[in-house]
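One chain, chain A, appears in both complexes that follow, with chain B as partner in the first and chain C in the second.
So, the complex of A and B:
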């Protein structure tokens, strides 16, 4: 068998060669500057932030997703801002403001000496140019997916191209003088002020909007092209960071705006890297490839802490609910809805499926929001009561089709399948028969629930700004197919609350609405949950905002 | 040989035409559509109708198909409804990443697999053989996302030797004239960028190459075992030929034919994108981009990318056939 000796040696040589090649490559990797090592002081440091996806677009008027607003929040500023770490309204580009008694005229006093990144001055005319641009959107720009927040807050456009759009709330913008903006509404709205903190109302340079053809859509019907490059290559605002470049799927760079009007950013650069899975983001942080990331999986928190990383809690500003579509006969039966509310052990779902800081939700809004008091009917976990209500409902052996999504995890619904399993067991224990139905989150699940085709469905809401209208008004202010009910009392209370300029009266109206909703049981709110972010130990000054309005300019690396 | 290549290339035309019709219908058979996907959580019937009209999706499918084929012949694969960039641009951006990754994976699979398989056959029945067989079974069964996670855990988190994600250190300033980052490092003379790009390929390459490695080990082992029992090998030994000549010219050369076939198929598969590996390593490649496009029902990208994959698959198989001819002259004759 001596002749076998040679191949063994030769093979070993080949394997050793391969190993050498790999380790040579590895040495290249060993030379990588550790992200932690780049923060050598306040000046000249770069933060690498792992996002969960690429932004959709960097034109604030055209986005409604968290990853886009995380970036545009650094480039653009709004007239009024969100309090750091809170939900209240704070000065932004406007130093002060006044609201008329009838809540139809808002007067903003602008900061002096603010310049856009392209050197243009921010004045009242520039602010009004932005409002007029949004109001005059046409074509595709009017669709809910493109200008979602304008449609949500201001309802319609100068020339509505769809019957689903309402009469616009926007009544015009006047530059009273260079530093004074007067915003008129067509009817009273007390919600507009807090809504204007949304990153979608970030003020852009009118010159850049025009130069880079922000609104231009050309091409043929077969292949339309957004030929403008404002939202992809030239987003120009007044914020503490300027756009520095973007390769989709790989990196997006922001560089410090050295001419910023306020306290300048401590970082010289921020690089956003999309890493889709939370576990992979955590691994990248532990390995030192990134400095910070958002949406940490609660399962990773311990290992992050033990590796020396910081875990930051984002206060709950969301709620998960089990929704009912009253399109089907069985869900129109109030006793059945009450029975379901009593059958679900919400405490157990929250304890089993949610991480630290999560709590049971009793209303369709987080308990941190103003006007919240638990002055309404609550439904304790009570199987006997549920059985009794089923008996009273007159529905023999009720069967429920129960939809839940796959391929999604949200702070308010970390593990939809797990929530479903627990609730299914609870419902069966009370005497319901449950038919499960699952589909991928987008577009399938969202389409089905939106159309009201799921009698029972798991959904939730992440708040946008600190106003009860953003929760209760979104769900129940008017008829929607998703819930498929008409309850004029609820619709009216919420409609009145939206228009009421007197804060005390508004508060009373939201309390009343919460009581009406609790009695009507359109669904079962069950969880409100904080989300978690993580950062390397040398990252300082990051204050996670409950409404995702994080200002990364306050971060420094030590 | 030239005639053979020409005939094979001519076959591409009917294959691609047939495939284009099939895939055109297939992407449209996906439930939901680009309009719904684009509109997401807020797809009202009116908004869907508006978007459909804008994208020409309200026209009959054959009309859409003819327009598309006409554009393809002009080199225009359309515009991605997700990114608003031309599909060709997206292809040129993501494909080089996947080519690099697939090459590293195959170098790993063939470089380690052929010697290991050969060794296992030569040491048939010994512990080396058993370890190779069991190891390759392990390689086939271990899920890529788990292997990827473990590789990162050991080599990135614990040893700090290799990066966890991406194609390049974000802090490195490097030019990319070709889009192939390793090559770019050489072309621009930036050796730091070269080493960095290579380092970023090691872990995903190993993760991706593990299944092909296991297959190559098993095929090589079986094939070498067969050849070792051939009469001509015994004859060569009897006439006193040098062992190295027997191994090189008679055993390995004959045993490699099935290995080349398998490698060709595997390369084709890997170039079609490695969604899991690219996701785990946040590697901005072709497969991940295509998977995201399926979720977004991005017809233009799906059609363009699948058509491109088909062309690559056919070309790789053609190369395999040519390699066959080089290894085994009988193939050229038939």
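So, the complex of A and C:
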């Protein structure tokens, strides 16, 4: 997910959804099966899931929000999947794969006998048709707000229509035979494999895409309108559930795909009902009108538990950090950066402001991600050391301009103003002077920090897929004005790691990069925090995925 | 005042200046005493906060977590806040900030209002028309909304808040002073002064203005109460200092919203402080108004 879990441009969709919700609620019937009434038989049970909002669109290529991917993850499948409950790569529609020596050619062996919900066969040609569709997007479909993840991973299109797009990493897809897909890249990249686990790369039926005019997008980049019906009425994939109907603002139904190639879903039906507020979702669960929901407020966990519900922890796959922009002279001083790292009592910040399960972060990636080992320099809370470093820095009475955002709460930064105040007190105790600066999260704060105009700033990152590149590479692979530093050693280690096909060598490179980053202190990572989901007592087999790739087919009700 | 009444008044209390008379009435009014006590308490807390407060206002002094925020105890009379700071200390320091914001914004607003009122009242004619239409326009926008607009325009910061509150209060003072001055202008002594050839500036500044100030003083006391409440309101809405660690009552209220179910006292203490301070100034202001009003003079 992008830095801002629910991007602003989705707000428009949510607002529209809410408006529809009101009208739908006015005329909607009350024919919901009560969870208590159904769900006794393992074969004929219905799960009611409280979502936070309506999905934006059910065409995987066009969404980048968690509400949409939660649904499309059940309808569509990707070439490679995320391992259950983790972030590693597991077989998906491809049973096996090979990456060439130079990391430019990926060969996927497809599963045999897989059929789309419309009866079409999933073969290499169908897979390549999807890749070619994404690569050949034109017009509005190229905008960041429509095909965000294609742009993020593959950088550009066949014919780029904007200067901000780069040369595409995609070099072509060939169906070697019915069961073999060969994906070519224009540059070596070892990251594409784990990026392909993103729900946005779900494989859709080429026939349905064509029949229901999936590529028709109108409106504006801020508020795209999908005129085709593929993403709203006919999403056709290969997954364990089929689309069963969608009344915006009221309910979205999925029904079991009885022709599924793998283990069939235990539920016969899933109904998603949008309930915007966390407190209302918790209340709905306690009242027994829904079975499960995501993004529980840590403050509600105790009452949920005492009402007999289960609380599930989504392992942290994010990190909050205090960033430094080295645009200003004082932040170029490494002793000052080290002094800040020693001055901040990160343990106290995490304890005071984060819920159960949150941990201190020591690196710019979650400690659950592969290649993480703590053999790098760490900075313990030590005021005397900080004072000593300030003295050595040669800066008399250092003053720090410190920015924090208002109007935002994220798992990695629950209360930004609270974090700011704790850190300010710590910095002042070590002898720094702090000048506070604040602005609304979007767009002011994000713009100022990205331009590097904040010497000290609070930010964080939610991971998209299980690759260190998604964290370290995003931050430090090349010069960015946000950090405003050039450290060729770090840039090179991360660049090499991105291109290295050999997993063991990649691991070594990321370890090296983590060590270099820790010594250089471009910022201070301080928190990684889980998010929480809740389910009724009788819900079994739900494994929340750290990267939000939950497969609800494993759930049963008893 | 009838002749019969005059006879019943004790000699030392009869006659005397309006000021002495007012002071006597004030002293005997329990409401005024209560108001004065609250105001004295508030001002004392504000002035003596650094010496009275047992802990630093912006440093954590104990460990808290989102689910366990200790309430009142012997060491921490009002408990700890959501960042582990001493709540009693912060409420005390909050008085200091409220007083600063209240007094500064009051003085600014008074100065601006008096200037406008003076212009209108002294010159009359088209100047009066222009100034009063401006005042009408300002008064037609609801106060807090107006303040939000002004503060948002000026950008974040305490000075923006103080200016916003001052701007909102300006028209009230302008209208008040102008009304008083118009009444004075037609009075006999002004006519007399004009007749003997006293210069206009001297009449306005030396005679009309001092004689018109009494209601302004009363209004000032009352405005201090609303200024404190307005400042808290603006802070609650996020318009306050850039530094959230400044103990400001409205901000303290806003910041503890999310702990309303687990630690409700964190909202109660700053809320009570706001009420007490505003009540003190209101009671005092109202009794002052009564005391200074010649209609109540016996």
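The working rule: the second predicted complex is superposed on the first by the 477 of 558 C-alpha atoms of A that agree within 3 Å, B and C clash if a C-alpha of one lies under 4 Å from a C-alpha of the other, contacts with A are read in each partner's own complex, and residues count from 1 in each chain.
In this text, contacts are C-beta pairs under 8 Å (C-beta built on N, C-alpha and C of every residue); 3 or more make two chains touch, one makes a residue touch a chain.
Just so it is clear, the structure is predicted and the values come from calculations on it, not from any experiment.
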Which of chain B and chain C A:143 touches, first, second, both or neither: first
Greater chain A contact set [chain C / chain B]: B
Touched partner set for A:425, first chain B, second chain C, both or neither: second
Touching partner for A:86 - first (chain B), second (chain C), both, neither: neither
Touching partner for A:162 - first (chain B), second (chain C), both, neither: first
First (chain B), second (chain C), both or neither touched by A:280: first
First (chain B), second (chain C), both or neither touched by A:179: neither
Contacts on chain A seen with chain B and repeated with chain C across the two complexes: none
Complex contacts: residues of chain B adjacent to chain A: 31-32, 36-44, 46-47, 50-51, 53-56, 64, 67-68, 71, 76, 78-79, 83-85, 93-94, 108, 111-112, 115-116, 118-119, 122-123, 149, 152-153, 155-157, 160-171, 192, 194-196, 198-202, 206, 243-244, 247, 279-282, 284, 288-289, 295, 297, 300
In the complex, chain C residues that touch chain A: 58-60, 63-67, 82-84, 156, 238, 241-245, 255, 258, 261-262
Complex contact set, residues of chain A against chain C: 298-299, 302, 348, 351-356, 406-407, 414-415, 417-418, 420-422, 424-425, 428-429, 436-439
Chain B contact footprint on chain A (complex, rising order): 3-4, 6-8, 10-11, 14-15, 18, 22, 25-33, 35, 38, 46, 48, 139-140, 143-145, 148, 161-164, 219-226, 232, 247-251, 271, 273-277, 279-280, 283-284, 286-289, 307, 440, 442-444, 446-447, 450
